[in-house]
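Every chain is named by a letter (A, B, C and D) in the order it is written, and numbering of its residues begins at 1.
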């Protein structure tokens, strides 16, 4: 009986989100013809990918039973690092520098959590302020810009004038992370840590290393997002990507990954990102004021979880342990 | 079957091991060793230092002093992985599986077969199948552990320890969640392991098992080693007194004088788990519920307490029909419940003993929203005293109590709700010998005072010691009732397995902790 | 029989006392220490006006943190307090401007409690994990308050109202008095009522609490109501302090409140925590930013420092544990034979 | 009714509180001290304003104390109070939320400290003087310029208006001025959307505006970051923000000037934060010496600072400095 219900909820979880996307697209197409125009759809996909990239990282964090509230700050930080390097060292090194910056922040999150034993929620919350501050100091609160060197646009330019780069990046990332999660020891150990940390420890899993790995990945994805955003506007500053952390968590949750850890739904996360992006875009096309968009996101979140009842408030689930 | 313990060089030797935790000396200069082909039982009451020693052998803790030798080579085991590499595999008592991962992954956790970077699923599934065959259990390697019943989960844990050519296998209370049949199979398995030259460290409260399987027995008490002798040189009485450090007055079941019917259950059912359960329970009587894992006796108790939806039948409590609205309603109606899974469903670790006991009666002892401290204290004194709970102060956190005392706290909680009917599920699981005896005589005392007890237990000796009558369940239904005297292992197994009495050879020498013959 | 004679077991390991002491009084000690140091080192810190201003500033987050403390002890959580604060403050001032103080207070508190109930129902009845339920409400409430306010600021300058946030009784600032009163009430509820006991029970082990007959659902709903209550008091104080608010008031308030509670020694996973710690933590944060201002610290640096302090304060316990373990892990010692 | 320990500790806090607060008032040195509370040092605009204030204060031989409101009204009130409690002789403030100036002005008045408001707004409080650049007319100015450009290029009379975050009430006047004037000039405002004052959202919003109205001919943004973002969205769409769709921003942040120079943006409305900063210090001096001020509006005690139009023709003059 348990098994059956699990199968069902799993099916439902993976399909309900896709269903929602289709419905929303249909409605928007009906409300405004502009929505279905190829250009617009590509923009929606691009914007979805930008949140999706960090969303994928966040999915991993949540699967390991953690959170990262510092991704917004990390994204801004990495964006600034990269932008400041490009003029002297060129695009490639700049991007690498940005990725390293993200990795460093992520890793320090992990170390703080495992070595100083600060709960992930608080640790990353503190890092959020710290990293923003550091970025401000690094940039002296000024804007960094690259009008002289639009080549940096490579991160957002459309390949062969069709597929936007972010979409390609996010798909590649999806492929890689899916492989990592399903096919590698690290991936399985991430789920183990999220599912039952003490047991994983006792079985000899290097839980600290796993957690460091997860947060490093989150940091790197955040860096990617940050660099793409600053490539869009050819500018980087400490204020970019404000509130990205909540967006990222939102798409993960809407995508149907359980907050209880131990399970992932990477595809769902991307669909969640598409859903949110599509709705915001549609409401903009319809010239709807921004705060209606926030209400929609909120309702969406609640709806998404109302659907996936079960891992919610239900102490009786302990009876499931008996067959 | 027995290999003399002192033959062959020890495979694992611990010398002069001490482990100090801030404030306590958990192990005090303990020597312990185990040789290939030997089953070395490690017994002792809770807090005697068994689990500390195990954790040191498993590389979870480091000794404060002393050395470990594996095959005569000095070793430091900084972490569990290193212990595994040294060929030491531990089956921990607490549930240590990853619910969201598959059987195969759990068995191979942290030792996954890999091809390059990728996990080699074929090999893992194949070898899982092999292990299962070895254990004579059917498990789908691909199914997620959270979807298995507890008993099978326990088997997965065991399979995990045996999946690798382990040289040393440490089993900490491996039978806690197992039914008779499964226990028998497990003990046979342990034996065959030893015969294949594996060194087995077997930790258990159940002396029956210990004497059934061990070659040598070591007793720990208060962190010190009390004795290490070949089993043949020991009687259970000696072991018990070595464990508790005093002669235990061994108690018989006092004569009972049941009163009028308190609880009448007719055609009780809950989904597929429980079907048409009917019985009458009298004041001052103990009705046992026996059955294998998943036979429905546990579920029946949970249904009576409102933890499972009652889908059919009726329950009359002293004449009045009882509506099942969940635990609160049951408690109000006068039903007390001591859950099977103390950690998960019983104790409130962060609350003081006092608060743990009174949690259920707060509404009764408050004057306009404010809890009456005096009344609360008096409840504490009454039941704390009656159950002789050992604590340093009523403000002590329940988390720091021994299993036995925690169990007594939960019992006190049920009594404080002054219930007429007491539902006991596995009242002595994970409780050590001394405390067990106390809890038995407590139950006698309560029954004496006219409380009706429904006792669900997987330990037959317990049922024999306590129950006046016993309902035996299988596949969700009671298959028959045995009264005191008829209550023997073969009879129970026959009903429980639904087989002819010929199955009696399933029986293995099992006795109750206090050393009298079970059957 | 011997086994039944009551005997007192050996005392609990001494470390536990340390834990308890640190949990209950650690942050308070830190606060007093910081005050002492600041009084000596920081010019103008120990002046009447400035110090009272610190007490005043700490009180606003502090009052909201009282409710959050109870919530976190019970093992749940509320991310919507920030936007709820903005909405309540706006409503209070707007109603105050139109219908006078009593109505304003009534509406303010009413709104806060209502939002609490909604959160509670989402968590218990719809069974959405508190984290996401309140995250959703965070967006919904913010959008809603922009919509009803049509994004105009609400202003209410009646002296008798602004006194709440800016006045003093004797020399003590009103908000600080409110904070102390709220803290005492909160502590009393936790200590002396069945509800308080249930809060700890549920946070400590919800399954066991249910089996022991704790009405989980009503407790949870009640908890969110309590948050709403204290949060709306905080909102009223803030509104009164500012004379005027917009729906965009105080972004990130929820995180500051949670940080305060956790810094106060309440365990994020529930079951343990105290009001005293929360009050001290609130005052500590206020003191910190005040001192940084008095020292003319670079605004950018201030952000870093505030984050670091939070980390350090929360690391102390973890580091202490590690040290304790390392001490008791003295490696191999030669065995005397 | 509480445990002794609890009450004891609580008592201890109170005692220490009383002791500390009993230590008398701040000592005022001979040198006069100017306190400046800045809106948010994260923004280039306010960095310039702060520089102007600081340098002027130094030139006049004052001590100078800065606090950052970090875009939060309660931080604004608390840190301004911190200033007042340090015994400053004059308070200069660029308020994050003018309506919340009330308690600050009251506190300052109670100590006889003059209050000079720098830009944003006065919130109808009892400040002594406010130096304010004319947001509304800035918007009008942008409308006129945009009309000139669009007419010259002979494009359809369709424009978009990008607003700051919903709560930035005073900046919203720029869009009001722009929309009023541009409509008056016979244009259609096809979209009014918020980019939350943030560059990346300005980019997104512009994308969506383009999708819905491919024939939009101009876009006015409430601040420069969003304008820059919008301009990038336009160039990503293969058009130009200075020749195809005319983007005009507000503030003349360096980044916008660079964008204009690079031909990504048509223009911006310049405010002169640096000069405004210097001005406020002079006004503070006058007030401290009890001189009478000349206001542009007696009632509101406003002194207007002209705003100028910046476009490709005159952008270089600014970039040199």
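The definition used in the following text is that a residue touches a chain if its C-beta (ideal position, glycine included) is under 8 Å from a C-beta of that chain, and two chains touch if they have at least 3 such contacts.
From a predicted model like this one, the values you see are computed outputs, not experimental measurements.
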Query raised in the report: Taking contacts as defined above, which has more of them, C-D or A-B?
Result: C-D
Query raised in the report: Hey, how far is the Cα centre of chain A from the one of chain D, in Å?
Result: 33
Query raised in the report: What whole-Å value do you get for the distance between chain A and chain B if each is reduced to the mean of its CA atoms?
Result: 44
Query raised in the report: How many angstrom lie between the CA centroids of chain A and chain C, rounded to a whole number?
Result: 29
Report summary line: The positions of chain A in contact with two or more other chains are 136, 141, 289, 291, 316, 318
Requested in this report: Return the residues of chain C touching two or more other chains; collapse runs of consecutive numbers into ranges.
Outcome: 146, 151, 192, 207, 209-210, 300, 302-303
Requested in this report: Would you give the residues of chain D that are in contact with at least 2 other chains, written as numbers and ranges?
Outcome: 41, 166
Requested in this report: Just spell out which pairs of chains touch, all of them.
Outcome: A-B, A-C, A-D, B-C, C-D
**Report entry** In the complex with chain C, residue positions of chain D that touch it
**Finding:** 1-2, 6, 9-10, 12-13, 16-18, 20-26, 38, 41, 65-68, 70-75, 77-79, 81-87, 97, 99-100, 102-103, 106, 123, 165-167, 169
Query raised in the report: Which residues, counting only chain A, touch chain D once they are in their complex?
Result: 32, 34-35, 37, 39-40, 43, 47, 136, 141-143, 145, 147-148, 153, 156-157, 229, 232-235, 237-242, 280-281, 284-285, 287, 289-291
Query raised in the report: For the complex, which residues does chain B have touching chain A?
Result: 58-60, 79-81, 83-84, 90, 92, 94-101, 105, 109-112, 114, 117-119, 143-144, 146-150, 160, 271-273, 294, 298-299, 302, 307-308, 341, 344-345
Query raised in the report: Hey, which residues of chain C end up touching chain A in the complex?
Result: 122-124, 126-133, 135-144, 146-147, 151, 206-207, 209-210, 216-217, 220, 255, 258-259, 262, 268-269, 298, 300-308, 310-311, 314-315, 317-319, 321-322
Requested in this report: Spell out the part of chain D that touches chain A in their complex, as residue ranges.
Outcome: 41-44, 47, 166, 190-194, 196, 198-200, 202-205, 207-209, 211-212, 225, 228-229, 232-233, 236-237, 253-255, 258-259, 261-262, 264
